[in-house]
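One chain, chain A, links the two complexes that follow: it is found with chain B in the first and with chain C in the second.
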Partner chain A sequence: MMIVRALADGFTWRVAAAVLVLVAAAIVVPVLNLSVPAGSALHVPTYAVTLFGKYLTYALLALALDLVWGYCGILSLGHGAFFALGGYAMGMYLMRQIGSRGVYGNPILPDFMVFLNWKQLPWFWYGFDHFWVAAIMVLAVPGLLAFVFGWFAFRSRVTGVYLSIITQAMTYALLLAFFRNDMGFGGNNGLTDFKDIIGFDIQSDETRAALFAASALTLALGVVLVAFFVKSKYGKLMIAVRDAESRTRFLGWRPENVKLFAFTASAVMAGIAGALYVPQVGIINPSEFAPANSIEVVIWTAVGGRATVVGPIIGALVVNWGKSWFTGAFPEFWLFALGGLFILVTLFLPKGIVGTLVEGWTARRARRASATAEKDVEPESFGKDEELRAEAAE
Partner chain B sequence: MSDARPILYLDGVSVSFDGFRAIDNLSLVLEKGEMRAIIGPNGAGKTTMMDIITGKTKPDEGEVFFDGDIDLTRHDEADIAMLGIGRKFQKPTVFESHTVEDNLLLALKGKRSAVKALFDRRSPRQAERLGHILETIRLSARRHDLAAGLSHGQKQWLEIGMLLAQDPKLLLVDEPVAGMTDAETGETARLLKEIAQTHSVIVVEHDMQFVRELGVKVTCLHEGSVLSEGTLDFVSADQRVVEVYLGR
Partner chain C sequence: MFLLRSALLLLAVLLAPISAVHADEAATRAAVAKFGRAMSFSDVEKVVKEVAATGDPAAVRALAALADGNLYARQPDGAVFVVKEKSDGFDLFDPLTGKAEGSAGKDAMVKVKVKNSLRRLIGDAVGNLTLAARDPAVRLAAATTMLNSPDASTIEALDAAIAKETDAAVRRRMEAARASAVLVSDRSEAEKEAAIDLLGARGDRDTLSLLLSYEATAKGPLKDRAASAVSDMRDVLAWWGVAQNAWYGISLGSVLLLAAIGLAITFGVMGVINMAHGEMVMLGAYTTFVVQEIIRASFPGLFDWSLAIAVPLAFLVAGAVGLVIERGIIRFLYGRPLETLLATWGVSLILQQAVRTIFGPNNRDVGNPSWMSGEFDIGQLAITWNRLWIVLFALAVFTVLLYVFNRTSWGLHMRAVTQNRRMASSMGIRTPWVDALTFALGSGIAGIAGVALSQIDNVSPNLGQSYIVDSFMVVVFGGVGNLWGTLVGAFSLGILNKFLEPYAGAVLGKILILVLIILFIQKRPRGLFAQKGRAVEA
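Now for the complex of A and B:
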């Protein structure tokens, strides 16, 4: 009961609208894809379902980053690493599902291991033939890495740009590690050629629609969770740490714990996003750890509006949709466009799309309120102002 | 018996930064319930002394004891805050993007667990306490406004209010009236005297009129150690104090 009330407190109309839209999309899009005949104007083609399903996982990743960056002031330039780790955990499950249908027909070993002449499954691949083990690993591996990383970084009071640099180093180190064949994660090629997911054909329209729905619903859940975090006293604490960390310390709080909790929770969210991403794109390889990927997430969040719940989602959708369109129309210019977008947003919309809209709306309401309040006293105070101004001029 | 122990005891404390001795063999004793004003020219070590007491800076040598036998050099800032030492900074430091009320809420005495704060809801007793503090610092009308919109003087008061919310045993107040009008200064003196009835307080201030209004024992620091100590009249008549302030 208390939790329900606490959850309800976190709901602004923007959050409620976002949840509603996402839940509606989770129902409507699959229906329009599966039940409406291909010739109809209302039919949503499967490629679009998968494309937007992928965008929704990006949106979840951006929301995760917003939790630590927007609200807690931790500019992580390595969130792509948590996303990729969640993706690898899912990828390992999908690899084991292939079974003897691989090119080499080995019932236990994935193709790349047979190719490398490995005789048995490495210990860290045990259990990944079970979905539940993989699901736990999707949460645990990114969470644990974030916890250990954050424990050392926040306790040593590494902040600001230095922290950003070591998060970037972390994802780069993982990129190099996962490139090595000896690591046992498929090296350069990564994991691919997936066949089934929990018994369903991963290529079928139905599975793709279901994955889209799962992504939309998970994102909706993420929105509810972040809104709840932000509205709670813990959320106020995050903002306090962001704005005046040492002040919180002199009040007796431990900012390192505040940050560690947000960072770990955010990494778990990013891991889930990665796990939903992999079955939809059909591959996970070390390039997902590339530092540039993590930086792109920062751009989505900045464009949409950090420290808002809805902003990062809109940012991720808009920028990625733009990317798909742009890379089709003018493939050579996409990176220039992305760079230009980031500069324009930083210069003209420092609070991002949603942040600027909210600010404008609040300012308009405040102006109206003060206009109504002024109406009663206007004539007299106006005259006084004139006198004062005349005095000042003298 | 326990009441006889001083609330704060510094003995032979020294600290250097890159060879510069910011605090040099400083000794100071504050009795329970006492209010003390600390004066001294810029660079006398007033703020560094507060940094040492609140755990921000570790002394190179010397003893710092709180409430009898608690060795403050073994604790960090958050520990020391929980032991019961509150601090107001020289530059008013409040959470600008929070409302006045939320600033106080975060300071309010209680458990400091980040995870528990997720499910923490305001109790009626806390709400009552908030209302009381807001009244004391004269910010009831602004309780839902962002702290960023407060005037300089109001921010100073809000920070004092946050100290009250913490309900510490010892308050360290650094330049509480900097940038205040005369009326606000008088009001602040009244507020601090009221607080001093139930707490031990150290006030660092340059404004001599304000120190006079407080009417308490004064310690003058110079180059990191105590130059003179006594009533304001005694200290300001001290030839060495005059020299330090006016130069030779």
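Now for the complex of A and C:
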């Protein structure tokens, strides 16, 4: 009963609409891609399915970042690392699925290991021929890293820009590490040339449509969970930590535990996003760890509107679609546009697209309410109260 | 042996012009002229000995030509020339000075006879003559050649040369060469032991390999002695290796210091992480490039001054850009450090792309002025001039900043704002101005750092990116609001990095450093030199 109520509380119409759209997309897009003939105006080409599938995984990553940054005030500049780790776990499974179809035809060792003259599989590759092991690793590896990292960082009260900088150092260290050939993850080239996933050809239209649907549904699930979570009592605590950490501590809570939970949960979400990303783009390499990538995730979230559930998704879709369009039309100017976006959004749109719209909408409603209130001579504080409630409602 | 002889001959030919002037030229000339009448091998041998006996390095050219079969006598007058063959005859050159003396037909010239046993003799003679050369550099080079390819037959010549030698460094080298020659000769054990001790005391890498190869062939007590000399030498070399690593570390530390100190200032005073800091460094480097281009095109004579001109210009360029960024963007974001971080990241992307659009994506060529190129040795330490200058420069910049911070009223204002912004403001300090000027100062320092880095790194649009993470690490490690923290942080990270590198490799070393810093932050979340205070953050 409580869960139902919490769910109902969390479900503002925006969240409900987002979930509906995502579920609908998960059904309609594959149908339009597979069943509608290629000539028809309604046909969705496969490349578009893959492209938007990729955007949806980015959106999930942005949502994960929103959970820690928007709701908990931890600006992580290393979320790309969790994304990439999830991707590597999936990539390792896909590598093992190649089997003897690789260039060197070795049934056990992936091509790059044969190339490096390795004789046997390193211990950390054991078990990755089973999907369930890989699936557990997708959750466990980013989660564990985030837990250990966060346990140290939050316990010693590393906050603010210091935390941002060391998360950046973390992803930079991983970038350097994964570039090394003797790490056993394919070095510079990463993992690629995947053949199939759980028995289906990874290149086929059907698989791609299915991966799109999986991404959309996972994202919808993520939206539901985040919306539910931030509405729960624990979510309110998280917001309290964001807004006044010391005060929360003085009131007897343990902010480090709250942050640790948010950080770990967010890392797991990022890992899942990475795992969905890799089969769709067909490659994972160390450049995913680049600090610049992680900062880009921050701007998706900022553009859409942090501390909103729908914002990061819209931000990720808009920015990435813009990037695809820009790099096609004016490749020279993309960095100007992206840089400008960082500046303009922080200066003029600090609440992001969704945040600003919600604010405008709430203000209008408050005005209307106070207009009615004047007639009925209600207490003055009504409008302000309403505004506060609306702010907390998303 | 053959190698030694050829090396000496080559050396002699290369260096002959330097030593061509000699007082007894007439006597040497008379001796060399006798080659013209030397008909048999025994005659030639006699003349070679006679020429060698003059002790005049000028004769080296003639002897070297003789060994190569390029010494000819002209008929019928018997005058001796060094020749260079051409299609229809020979070009003639004076055997002592190498001056061109016209040409002659093939029939007119008779070759001075030479055979391999004679070549041996000639080689020794050349060796002795170069050891007697007037220029110490020639003598040093001759001794070095002999040291590195020991030959028992050179001992007497070296003895004679050592007795006459006046230059201490050359004599030491000659003694070492003699010792190495003794080792391969059939001299007594006592002499060889003395030779091993002498070589062991030198302690450089060349001698080490010499002794190692001797140790491999020697027997009995000599082998033990050589082995102990080798191990002593290894110890000494290990210490030099430590010193070399320390120097590399100091050099890297000075680069980190230059890159980070501006960041430390802005972060310390304003609590702002400037992600575009690396791009200020890049702007400084490109300023150097532009200055050098203009100098190359218009005032080639000023090239050695290019860096002196670039330093103030880079300070102004980067400082001005910094001022614009602060006035245009950052001042609207005070109190929101995370947003500032994002906005400055945007600035860095724009600056990078702007430089890429203007100057192209490739590395640009920035030259070293003459006083920054080359290197010198202290013992077994190799020190390049550009690194040394950068270390000195970094320390100079640091000293100036320290002065500005601690001895000027502006510095006082900056420190006041760092420690308590509201109180400083209440005391009448115009904090917005302090912020703007501090940001400009920090950016200007970054621009200066760019001038220095342009001397040792590739000048490309990505230059700044490669230093930004490291600079953050320095600032985070050293703590803010205290320049000493940055100094200690930069040098300790630089030295630690270079000491980890030989064991862990460059990449793993860097990863270890990052992990260490992440752990260090747990222990001291505000860095090494944290500011003391009782403020609690929100």
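Some points to look at:
Following the convention adopted for this analysis, the second predicted complex is superposed on the first by the 370 of 394 C-alpha atoms of A that agree within 3 Å, B and C clash if a C-alpha of one lies under 4 Å from a C-alpha of the other, contacts with A are read in each partner's own complex, and residues count from 1 in each chain.
Quick note on the criterion: contacts are C-beta pairs under 8 Å (C-beta built on N, C-alpha and C of every residue); 3 or more make two chains touch, one makes a residue touch a chain.
As the structure is a computational prediction, the values presented were derived from the model and not from experiment.
Once the two complexes are overlaid through chain A, chain B and chain C fit side by side, free of any clash as defined at the top of the document. Once chain A of one complex is fitted onto chain A of the other, the partner contacts of A:Val258 are limited to chain B, with no touch recorded for chain C. In the superposed model, A:Arg14 lies in contact with neither chain B nor chain C.
After superposition on the shared chain, chain A has more residues touched by C, the comparison being chain B against chain C. Shared-chain residue A:Ile165: touches chain C; no touch with chain B.
By the touch criterion defined above, A:Leu338 reaches chain C but does not reach chain B.
Using the contact criterion defined above for the overlaid structures, shared-chain residue A:Pro291 touches chain C, although it does not reach chain B.
In the overlay built on the shared chain, the residue A:Ala244 is in contact with chain B and with chain C. Of the two partner chains placed around the shared chain by superposition, chain C is the only one that A:Arg155 touches, whereas chain B remains out of contact. Contacts of A:Tyr234 after superposition: chain B is touched, whereas chain C is not reached. With both structures placed on the common chain, the touch criterion links A:Lys195 to neither chain B nor chain C.
This overlay, made by fitting chain A, leaves chain B and chain C with a least C-alpha separation of 7 Å. Overlap of the chain B and chain C interfaces on chain A comprises residues 244, 246. Across the complex, chain A is touched by residues 267, 271, 273, 329, 332-333, 336-343, 345-350, 352-354, 356-357, 469, 472-473, 476, 507-508, 510-511, 514-515, 517-519, 521-523, 525-526, 536-538 of chain C. Residue ranges of chain B in contact with chain A, taken from their complex: 54, 56, 77-78, 81-82, 86-87, 89, 93-98, 102, 105-107, 112-115, 117-121, 162, 166.
By the touch rule above, chain A contacts chain C in their complex via residues 75, 149, 152-153, 155-162, 164-166, 168-170, 172-173, 176-177, 179-180, 244-246, 291, 295, 298-299, 302, 332-333, 335-336, 338-343, 345-347, 350.
Across the complex, chain A meets chain B through its residues 2-3, 6, 228-229, 232-234, 236-237, 239-240, 243-244, 246-254, 257-258, 261.
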